[in-house]
Each structure stands twice: as structure tokens, then as C-alpha cells.
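Once you scroll down, you'll see the structures, which are given as C-alpha cells.
Same chain, two partners: chain A is paired with chain B first, then with chain C.
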Partner chain A sequence: MTPAMLLVVGAANLLLVPAFLAGVMRKVKALMQGRTGSPVLQPFFDLAKLWRKGETVSETATWVFTWAPRVFLAANVLVAILVPWSGVALMGGLPYAADYVYVLYLMGLGRFFSLLGALDTGSAFGGLGASREATLSVLVEPIVLLSLGALALQSGSTDLSTLFSGPVTPLVAVLSGFALLIAALGELSRMPVDDPTTHLELTMIHEAMILEYSGRGLAQIEAAVWVRACVFFGLASQALLRAWPGFENLGGLAQYGLGLAGLFLVGGLVAVAEGLLVKLNWRRVPHFLAFGIALGLLSALVAAARG
Partner chain B sequence: MELPGGTACWYGMAFALWVVAALLGLVGRRGTRIGLPLLVEAGCLVTLVAAAVGGDCRFALPMPLYLGLAPAAFLADGLSRWFLLLIGLVGAAVVPFAPAYLRHLERRVSLGVLWAALAGLMASMCLVVMAANAVVFLVAWEAMALTSFALVASDHERRSVRQAALVYLCATRVGTGFLMAGFLWLHQITGSWVFSQWSVSGAQALGPCLLILVGLATKAGCWPFHLWLPVAHPAAPAPVSALMSGVMIKTAIYAMARLFLLGPLSVPLMGPLLLVLGAISALWGVLFALLQHDLKRLLAYHSVENIGLILMGLGLAGVGTSLGSPLLRDGGLAAALFHTLNHGVFKSLLFLGAGAVETGAHTRDIEQLGGLAKRMPWTAACFIAGSAAICALPPLNGFASEWVLYQGFFALARTGPSVVTRLSGLLLMAWLGVIGALALGCFVKAVGVVFLGRPRSHEAAHAHEAAASMRAPQVLLALCCVVLGLLAPVVVSHLASVVRPAGQVGSAGLLWNLPLLPLAVALVLGVLAVAGLVTAGSRRPRERYITWECGFGELGAQTQYTAASFAQPILRLFGRVYSYSLEVAIEGADHRHFPESVVVTTGHEPYLETRVYRPLLRLVQRGAGGLLMRLQAGSIHQYLLYMIVALGLLLWLGARP
Partner chain C sequence: MHLSNLDALTAAAALVAVWMCGVTRLQCLFWGLALQTAGIAAVTAMVGMERHQSSYLLLALVVALAKAVAIPSFLTRTSDRVGAPKDRGVLLAPPLPLFAGCGALAMGFFLTESVAGHQAAHPGAAGMAVSLLLIGMLLMLTRRLAISQVVGFLVLENGIFLYALTQTHGMPLMVEMGVVLDLLVAVMVSGLLIFRLNSSFEHIDVSKLRRLRH
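== the complex of A and B ==
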């Protein structure tokens, strides 16, 4: 693709796909539960609605509460610009920019502020959610680093654009892909780690953190979460696509199309799984994420043995 | 560049300023608010300028000032200047903070002595990193240990401080003992005291190097020799903790780099050993930091963590040397040295923040604090910046140095000759990730519980912002965090020239390829764009109301999450490491539905202390107890006899051909 085309496609990608993916996932989940569900475009409507609404802010809150969603959103959008989650990266022209260590820590910056925002109101729910989110990230971080590290070892670069353009051993691709998928479920607080639709506060993780947000503040967080979901599911689907050796030889547009299809497939499958699975007891979540760590370790081992 | 009057003169001038300050502090009681701080500050600034601008220099004191065995010779090359820069920078930032902070100690602490010790500490730290031979090094090392001991003990009317000072003193004695034994052994082998002439390798070098390593690891606070650190730091006044944690423990890092990696000593085992020690230290430090409720103790455990990260860098360099890979060697050293400076900057910033909280809210117990961001906005903002830096969040300096470390481990994974080295490269990256996530959790806990939410005590509710002279150093250090992060490419290329062995022209490929500056600009613009978007055309109501309380009416501050409950899920996750226990006792006739009392008891067994150190100490006590009692019987005649015997022995030793 030409740079101009890349820019247009990338921008459209970034503006439309995240909310659309969220809508598709909601729809699939509703169908799994025998409901008609809201329209696929509902997330866009939600965003517009929240944007128009007023805000209620706790008297305890400080500037951290106001600025946390801004940093959270900006960091996640920057991540989405750097990472080729659909096969194209908006900033593909900036060499070495999509370094995955940088990307992870940029997400860490977003997480840091979102956790502080949750604690800022002095609400017990915020504390509960923040504490659990911090714990989850301890388990998710090694999965992502191991599985992306295994892929990076094969291409010889930590830059995600380079990483996803070289040949990959199919076994490494499959192992890393599934490890990333498990990491995504943990990082995005989805079933079976957390139930994104629950409103029983004691079981919530992510929803407890954002309980105090309303109006535009909530809109920013929602948008950031959708963008982050795209990045994580996209990384997993990109890795899984590499398991097919012929993928390398396809043209740019075909790769992009397949990438988008893979992204939606992964999202749809996650939604199907959410219809079938039950939420795990919080104490059992580490056991589930340990599978991801094990897959990541295996992937790293295979990559190191081949390298 | 040669400074006017010669660079050596500048170092001499700084030293003279500190000596004058120390003497004045010891003699008089006046000038502790302005005069002495100004003198010490001037010394720091002179050192900073000389280290930053001046070139390499070496000089020796004239003959009469020889130290008996070796000339009093000094050397300021690239490595020394890097550490002098750290000493000057952190010193210059911390000293202005001290006078206002120390005001609340005026009644209990003799400030003249404190300033004298502080000046002595600065001077001796500079001498340590400039010492050209082992004798000068040891003398300066001892001066550093004693002055820092005096500083830790400055509030000695409190029993806990006396105990902490004693623990610290013991640790320094043990450390120096090992160090001295190692130095003597090497002198025995080589017949020289000069570091650059200690070319020993193989099995012969292993024994002395291990001894030296133990000595240095004790000073650095590396696992399992870190016990003194979380005891001494909370006891010392905040600026002293900042200097000790930010700078003083780094002199051990300097010595490791000088002796094991840049010197002629070659011990192939050292690289993996440092790597393992560093990896354990880093995880151990951050895990135990999560457990702490004393803000300064928490920060002290983070020093253990960061020393671990630095040692991992040094270990990588050692592995690179034995694999013959200049990329790994230079990358590891650059990461270690860069992180040394960065940690000095953000850790002193955080300690100053803790000091400001201590003076503002009169407690360091984070469970008693809360909501300080409203009462102490400057301190809160600076503390958040420092927290972000220590959690290695981009674009701050902590991220920059950890990124170099990540790249080093990736290079190990990519170029390693065997499956084991390649896999360990990847595993070490994941290990760093776990540590990073834990550190983030820990600092979210610290910031959230101390500065956000509602005040948990009367003191916290009536806290006041620190004086301007205490705020300015924090702002300065926070700016340093940003600048060092953005200037990372420059710093890394400078470090590449520092760590390059003499004679080698270009080292293969140590480069910084991450466009951190454009990305940082993009991030800031992004945040501002979002902020603009959010506030644009907003005529919608923004209501202030109480925090959601499920309809019960406004709840007290006790309903907030505490630091202990915040950390609990992580503690449970790593329960084995802590030997963590949690018991819940619910009482009442119908305790399932209407409990009358719920008591949650958590505990952990500090098994390193109880199972390793305490039996060891008891053994020493038992062995030495009787002997000591007989030696020190309290009879002056006996002591006079010792003196005469010792004198005779020395004369006899000296007179031997």
C-alpha cells in the first residue's frame, strides 16, 4: 500500500473498528444468550449519549480524577497508532517506534493513571477494582513479554512492525497467539476473569474502577477500553495468522483484509466463549492466567531452541 | 575540557568547602540554617560543574601526605565522573531541602554535628569514586561509613533510631571486613594496591572477588545482605535517606563496575552470579515493599529492587564479557550506569516527598494519611512524577534505562550461543515485566493511599504544604526525571564512550533506536487534544456530590481501601515467598448473617531474619561472648597493657627487614 492509502486506511481503522468490534461482540453475546440484543452500532450511540450528558464528580476528587481518563485515552490511542493490530500501523513510517516494550509500558502509563483515578474518590469500590487490576497486570505482563519475545526472537527485532513482517515458525505463532489471547482476557477484564456486564460490585474489577465516572469522563474510558481491546485481540489474531505459512506471500491489502477478519473472528469467539463460560472465582483467576504463562514459556522455549 | 585553574583544583575546592563546613559544624552551633548549608551546597555545585564539564584528571597529594602503604592518588576518568555527576546533582538538590526540613528536629538533634557529618559524607563519597588505589579507597570508604552512621544516628534520643544505627554500623563493619580481606588477598597475589594493576584471572581470582562482592553487596543493599537498608532509611532524616539511598549505596555499584567489569580482574562466574543476585534482589525488594506501611521503609525496599535492576545490568555486562560480545557488555554496563543515575534522581525525589509528608502531616504511616493531594498539591504532583519514573513509565528516565536493560536481554536472547542463554534472555525480560507490574502496584498503593481519597486521621486532615525551599528541590528533581528521559539517546551514546575499554575505537552497535522524543511529544499532544476536546463547548452541568455509597449516606474515611487491603491480592499471589498468613475470625451467635465482630489478622514470617541471620548472630555471640568479657574487663591496667603490647608488636613488625 502507498503511504497515503496507509494513512487513510489506518485512520479509518482507528476511528471505526474499535467501537464496531465492541458492538459486534455485544451482539454475538446477546445472540448466545437468546436475546436480540442492541444494534451493532450501539457503542457509537453510547459514546454520543455520554458525550452530551452532564457529569457528577465526587467532592473528594482532585485533578487526578479529571486528568486520569485523558492520559488513559491518549496513551491507548497512541498504542493503537503504533501497533499493527489489523496488519497496518498508522505510524508504520516511524522506524522502531512500535517497540513492544515501549508499547507495554505506555499501556502501563495508562493503567497507572486509571488506577489513580479509581483511588481518587476514596470509594471502596475504586480501591477494590484498582487492587485487583494491579494484581492482574502482574500476571498478564509476563505472558505478553514471553509470547511477543518468542515472536521477536524469530524476526530479530522488538519492533512490532518488523516482528509481524518476517517468517515465523507456525508452532511459535500458535503458542504465542493463544497465550496472547489469554493475556487479552485478563488485561481486558473479560470472562472468565471478570464479567464486563456484572453489576454486583464485589465481583467486579474493571467496572468497579470506573464506578465514579460519568458523562464525558466515562466516554473517554469506554473509548480507551475499546481501543485497547482491539490492540490485544489484534495482536493475538496477527500472531495466529502467522501460523499459516502462506500468509507472508499475500499482498498488503489481502493481509489487511485477513487481519480485520481475524480480529473480528477472535472477538466473536471470545463473545461465544463468554456465552458458554462462567466467571471464575477471583482466587482461581491466577490458575487460569497460569495457562497463559505456560503457553508463553513453551513458545519462548521453542523459539530459543530454533533461534 | 580543562576548567580554568585545572579540573583537579575544582575537586580540591569542593573538598575544601566541605572540610570547612565540617569543621565549622563541629566547632560552633551557629549557621546551621544558612551558612553551613550554603557551604555544602557550593561544594556540590562545584563538583557538579567539574564532573559535567571538566575532563579526565589524575592527581596525587605530595609525599608527606602518603597513606603509609600507597600514595594518596586520585583519578577522575569517565566512570568516576559519571558518579561524581550523580553525587553533585543529587547533593545539590537535596541540600537546599534540608534546613527547612530539619527545623522540626532542632530540639533533639545537634544540627551542627549533623551538617558536619553531611559535609563529611559528601566529601568521602567523592573520594571513594576518585580513589586510584585500594588504600585510599578503603580510607574513604570507612569515612563514608562513619559519617553516614553519624547521620543515621542523628535523632539518637529515640530508641528505634539507636537500634537502627547499631544495625547499620554492624552491616558496615561486616561489609568493610569482607572488602578488606578481599583487597589484602589481591594485594598478596599481585603485590600492588593500584586497581588497574590487579590483573588476576581464573580460579585464583575467584576467592578474593567473592569476598569483595560480599563486602560491596552489603553496602549496596543487595539481597540477601539488604537487611540494614529498610531499618536505617526510616530512622535517618529524609534528606539523609535521600542521599544514602540515592547516592551512597551507588558507590558500591561504582566499585563493582570498576573492579569486576572495567578492571583487569577477570572472573567468568561473576556475570551469572551478579545476574542471579540482581534478579532475586529486584523481585524481593518490590515484593517486600508492597508489605510496608511506613512510607520511607517502602522506599527503602524499592532501593533493594532498583539495586537489583542495576546488578542485572552489571551481570549482563559480565556475561557479555565472557561470551566475547561487546554489544552485551556495553549494553549491560550502559543500562546499569544509566539506571544508577536515574535511580539517584527519582529515589531522592521520593524520599524528599516522604520528608515533606512527614513534616506536613507528622506521620509516615500511610494508613494514617490520605487526601494530601488537596493540602499538599506540589508535593503530591512531584511524588506522582517520581512514582511514574520509578515504575519506568515512558517518557520518564526510569523507562529509558530499563529499556536499555530490556534491549540488552533481548540481545542476549538473539545472539546467545546456546538454548539456555537464549531462553534466559527471554525469561529475564519477562522477569523485568513482573517486577515492573509489581512496582506499579506498589506505587499506586503509595500514591493512592497517601495523597488521594479522604484523610484517615486528624493529622492528615490538617496537613500543610511544605515550605518553598522544600518544594523547589522536588520540582527540580521531577524536571530532571523528564529531561533525563528525553535526553536518553545522548546519555546512552555518552555512556557508550565511558564504558568502552581503552584502545577500542567503536563498540559494536550499542545504540538507542527508540524515537522517544517524538513519541513523548505525540503523547503530550494527545493528552492535550483529549483535554481540549473534553472541555470544548461544554455547557453541560458538572455537579459535585459525595462519593457513591450505595445510598447509605456519606461514609467515613474508614470505608476506603487501606494500603493493606490494596496489597492483599498480590500478597496472596506470592504467599509462599512471604510465608504469608491470613486468618479471619467471625464471631457472634448467628455469625453467618449477623456477625458481632470480624477480626482479620495477617502476618508473615521474616524468615531471612529469623532463620538465617538470628541463628548466625547467636552463634557469634556465644562464641565471642566469653572471650570479649575477659578482654574487656574494665580494668585500666589491662587496657594499658594491650596498648603497650600492640605498640611493641607494631614496632617489631615495622623493624623487620
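== the complex of A and C ==
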């Protein structure tokens, strides 16, 4: 595949898949609840609608309020370009200079600005949501660091594309994959951690943070959240796919197809689980995420021992 | 390095044990015990196939029926009758035993070479057996309710059983059967004891039992 074609496929992948995944997840969740639900392409319509609408900005808000969604979106898109979440980045065998720790810092940058944006208007909900989001991110970061670190130990490189192209011990892949899945549930504040559709201020995490946004700002945040969901679910499914011996010997196109299938499967399963599970008490969330840290620790342990 | 099926099964049993360190709901604890013991019964059957001894298959069946089905369902009934759905750790807050369990697993993992039996067919299983033993002890130490201490004891026993199974050249069938029977009786007796505790103190919280006379 030529670099130009790769660029086109990568761009299409990045533009279409995240919103489509969001639509599929909404549809599955609606079906689980016995509703017909909105069409699968609804996120695209939502985005177009929000983009056309006017924006209301609080009088006390500063420039941070308008710039936070842009930085948040930019950081998440950059992360999505660097992380091989669908396998498209691995197709051409292009060398990347994306250290996984650097990607973690980029995510941290985006999160920092989304927190600032939530705090900027001085509303009580924004502060509450921001404080919860900050607590969650502290708990989620070690999971991602440990589980990707385990894969890095196995491949002998912290570069993300090398990390996902070498052979991996199946046990490490499974442990890291499930750890990343738990991290995804925490980071994206999905069901056992938080209900993304709730509008009861006592339970909200992410929704409380974006309560002040409207119009284009809201559209940017929504798009960034979908991209981030793709990155996290994609990392989990990519790690789980590595448990299948012989996966790394497959052709680039087959890997990409399986990666997309895995991504949608993981997203669909999360949506199904959201129909069945109840939200955890906020005080018990650290306990839930501790299972992810334990899985990451064990994965790193096995990787260190098997080298 | 490629894991053999038997090693993978023992590792899975040890992973379930680590998970058990982190859960507080008693029902999850019993499910973990049942799953883990079923894994160990499967290991028993695999060892029997390897050594071409049919007595191991019988032993696997007895272990599966008695330890993976009968004991967990008896414990479930007991906890239902006593009315204790949850157990909070007494020494450590809930996530901490989980990390301690990871530590125990790591210890077993890295000590495999020094604890493996002489010329054993599966040296890898020895480390997992030792970590099961340690995790069982951890569960007994950190749990508050008498009934989860029984579960800890059973995990510990699973570790000993696994070690004896994979690292020696096999015990006589009669001895193993006797051990399983003893275990069944021990659990029954402890169940009775838990009932008595509950009826005289109205709780089964061990940390509150400090004086000899009430």
C-alpha cells in the first residue's frame, strides 16, 4: 500500500469510525432497553446540528472556556493518529515516533484542559464533575501505564507501532486487554463507573463537566469523547486480539478488518453490559478500578518473567 | 515461552484466587472457590491422563463433586440462613488484599524454581500452588466473617492439594479420598459452628469475639 493510500484510509478511518461506533453503541443500548432507538448515523446529524447552533457563553467565563474544547479535541485527535487503535497505522509498516508514555501525557493534556474548562465558569456542577474526573484519571493512568508497559516489555520497545507488531505471550495479551477494558470504562465514565445518559447531578461525572457548553463547543467535546472512546476500546481490542497466536503474521488488511470487528465487538459488549449492570456507588469506584490495576500488575509481572 | 495447558489452568486457578482477595460479596467468594476448585479438578484429570492412571479420574470426579459443588452450595445456604451478604476486610481496606494477593502470586512465580519438587513433571505448577497457599492464608487473616475464613482455609487446602498432585509421584487414592472426606466433615462442622455463633451472638464477626465469656 502506498503512503498516499494509507493516508486516505487513515483519514477516513479517523473521520467516520468514532461517530459510527458511538451510534452503534447507542443503538445496542436502546435495543437492550426495549426501545427502537435513534438511527445509527445519528451522531453525525447531532454533530451537524450542534455546529449550526449558536453558543451561549457565561459572562464570567474567560478565554479558557472557549479554548478548552479545542485543545481537548486536538489532543484526542493527535492521540488517535498516534495510537494504532484500529490497526490502520500498522498497515504500511511506517516507523512512528510515538512513545506510549508521550501518548499518556497527551491524554493528560487534553484532560487537563477539559477540567479547566469545566472549572472556568464557576458553576457548582462543573466543579463537582471536574473533581470526580480528576480522581478517576489518577486511578486510570496507572492501569494504562502498567498494561501498555507489559506489552512494551515483551516487544522490547516503548514505540507504539513496534509494541503492537511483535509476538506477545497470550497470557500477557489477555491480562493487558482486560486491564485496558477496565481502564476504558473508568476513563470514558461508562456504566459500572458512571451512567453516561444520566442527568441527575448527584451521579454525573463527565456530563456534569460539559453542562455549561452549547453549540460548537459542545460539538467539539462530543467529537473528542467519541474519538477517545475509539482509542480506549481499540487499545483493549488490539491487546485482546494479540492473544490469538499467529495474529501478527496476518496481512495488514486482515489485521485492519479484524481490528475494526474487535473494536465494534468490544463497544457492543460494553453497551450490552450497560443494559444489565447497575452503577457503582461512587465510593466503591476505586475498588472497581483496583481490579484493573491488579490485572495490569500481573500482566507486567508475567511479561517481566517471560521477557 | 509457551505455556502448557496444565500450567495455564493452574495459573487461571491462582488468578481466580487473587480476584477472590478483592471481592467483598460472599456469593462472589463462593463462586470463585467453585471455579478454582473446578480448575484444580481438571488439572487432576489431566495429570491422570498423563500418567495413565484411571484412579486419578475418579479422584477428579470426587474433587469436582465434593469441593466444587457440594461445599460452595453448602456455604451459600449457610450464609443465606445467617443473613450475611457482605464481608469487609478487618485488617486491610478492600483493594489492599488484592495487591497483597498479586504480591503472593509474584512470590510464587519467582520462587518456582526453589519450591519445585525433585524431577517433577510440571515444575511450573509448584509456584502457583505455593501462591494459592499464601493467598488462602491471606484470606484467612484479612477477613472479618467466620464463613469467609472457611473459604480461605479451603483455598489454602487447594494449594496443598495442587502441590501434592503435581510435585510428587502421586499419593494413594485412599489417602486423597480420606482428605476430601475430612474436608467435607470440617466444612460441615464449621458450618454448624457458624450457626451456633450466629444464634448466640447474632453476628459472625470474628473481630468482635475477644473475650472468652460473654
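The rule is simple: the second predicted complex is superposed on the first by the 299 of 307 C-alpha atoms of A that agree within 3 Å, B and C clash if a C-alpha of one lies under 4 Å from a C-alpha of the other, contacts with A are read in each partner's own complex, and residues count from 1 in each chain.
One rule holds for everything that comes next: a residue touches a chain if its C-beta (ideal position, glycine included) is under 8 Å from a C-beta of that chain, and two chains touch if they have at least 3 such contacts.
In this text the structure is predicted, and so the values were computed from the model without any measurement.
**Student:** Clash or fit: what happens to chain B and chain C when chain A is overlaid?
**Tutor:** With chain A as the common anchor, chain B and chain C both fit in the superposed model.
**Student:** Determine, under the contact definition given at the top, whether A:167 touches first (chain B), second (chain C), both, or neither.
**Tutor:** A:167: touches no partner chain.
**Student:** Just checking: does A:146 make contact with chain B only, chain C only, both, or neither of them? Give me first, second, both or neither.
**Tutor:** Only chain B is touched by A:146; chain C is not.
**Student:** Using C-alpha centres in the superposed arrangement, which angle lies between chain B and chain C as seen from chain A, in steps of 10 degrees?
**Tutor:** 90
**Student:** Which partner reaches more residues of chain A, chain B or chain C?
**Tutor:** The partner with more contacted residues on chain A is B.
**Student:** Return first, second, both or neither, reflecting whether A:294 touches chain B, chain C, both chains, or no partner chain.
**Tutor:** In the superposed model, A:294 contacts chain C only, not chain B.
**Student:** Let me test your reading of the model: by the given contact rule, A:54 touches which partner, first (chain B), second (chain C), both or neither?
**Tutor:** Touch status of A:54: first partner only.
**Student:** Going by the contact rule set out at the top, does A:39 touch chain B (first), chain C (second), both, or neither?
**Tutor:** Neither partner.
**Student:** Once you lay one complex on the other using chain A, what is the shortest C-alpha distance from chain B to chain C, in Å?
**Tutor:** 7
**Student:** Under the contact definition given at the top, report the residues of chain A touching chain B in one complex and chain C in the other.
**Tutor:** Residues 286, 301, 305, which sit in both footprints.
**Student:** Can you tell me which positions in chain B touch chain A when the two form their complex?
**Tutor:** On the chain B side, the touching residues are 370-371, 373-374, 380, 384, 387-388, 391-394, 399, 402-403, 406-407, 410, 413-414, 416, 419, 422-423, 425-427, 429-434, 436-438, 440-441, 443-445, 447-449, 452-454, 513-516, 518-519, 522-523, 526-527, 529-531, 534, 538, 540-549, 557, 559-561, 565-570, 572-573.
**Student:** Which residues of chain A touch chain C once you look at their complex with the stated criterion?
**Tutor:** Answer in residue numbers: 169-171, 286-287, 290-291, 293-294, 297-298, 301-302, 305-306.
**Student:** Applying the document's contact rule, which stretches of chain A touch chain B when the two form their complex?
**Tutor:** Per the touch definition, chain A meets chain B at residues 52-60, 62-64, 67, 69-71, 73-75, 77-78, 81-82, 94-97, 99, 101-102, 104-106, 108-109, 111-112, 115-116, 119-128, 130-132, 134-135, 137-142, 144-146, 149-150, 152-153, 156, 158, 211-212, 215-217, 220, 282-283, 286, 296, 300-301, 303-305, 307.
**Student:** How about chain C: which of its residues touch chain A in the complex?
**Tutor:** 1, 3, 8, 11, 15, 18-19, 22, 94-95, 98-99, 101-102, 105-106, 109-110
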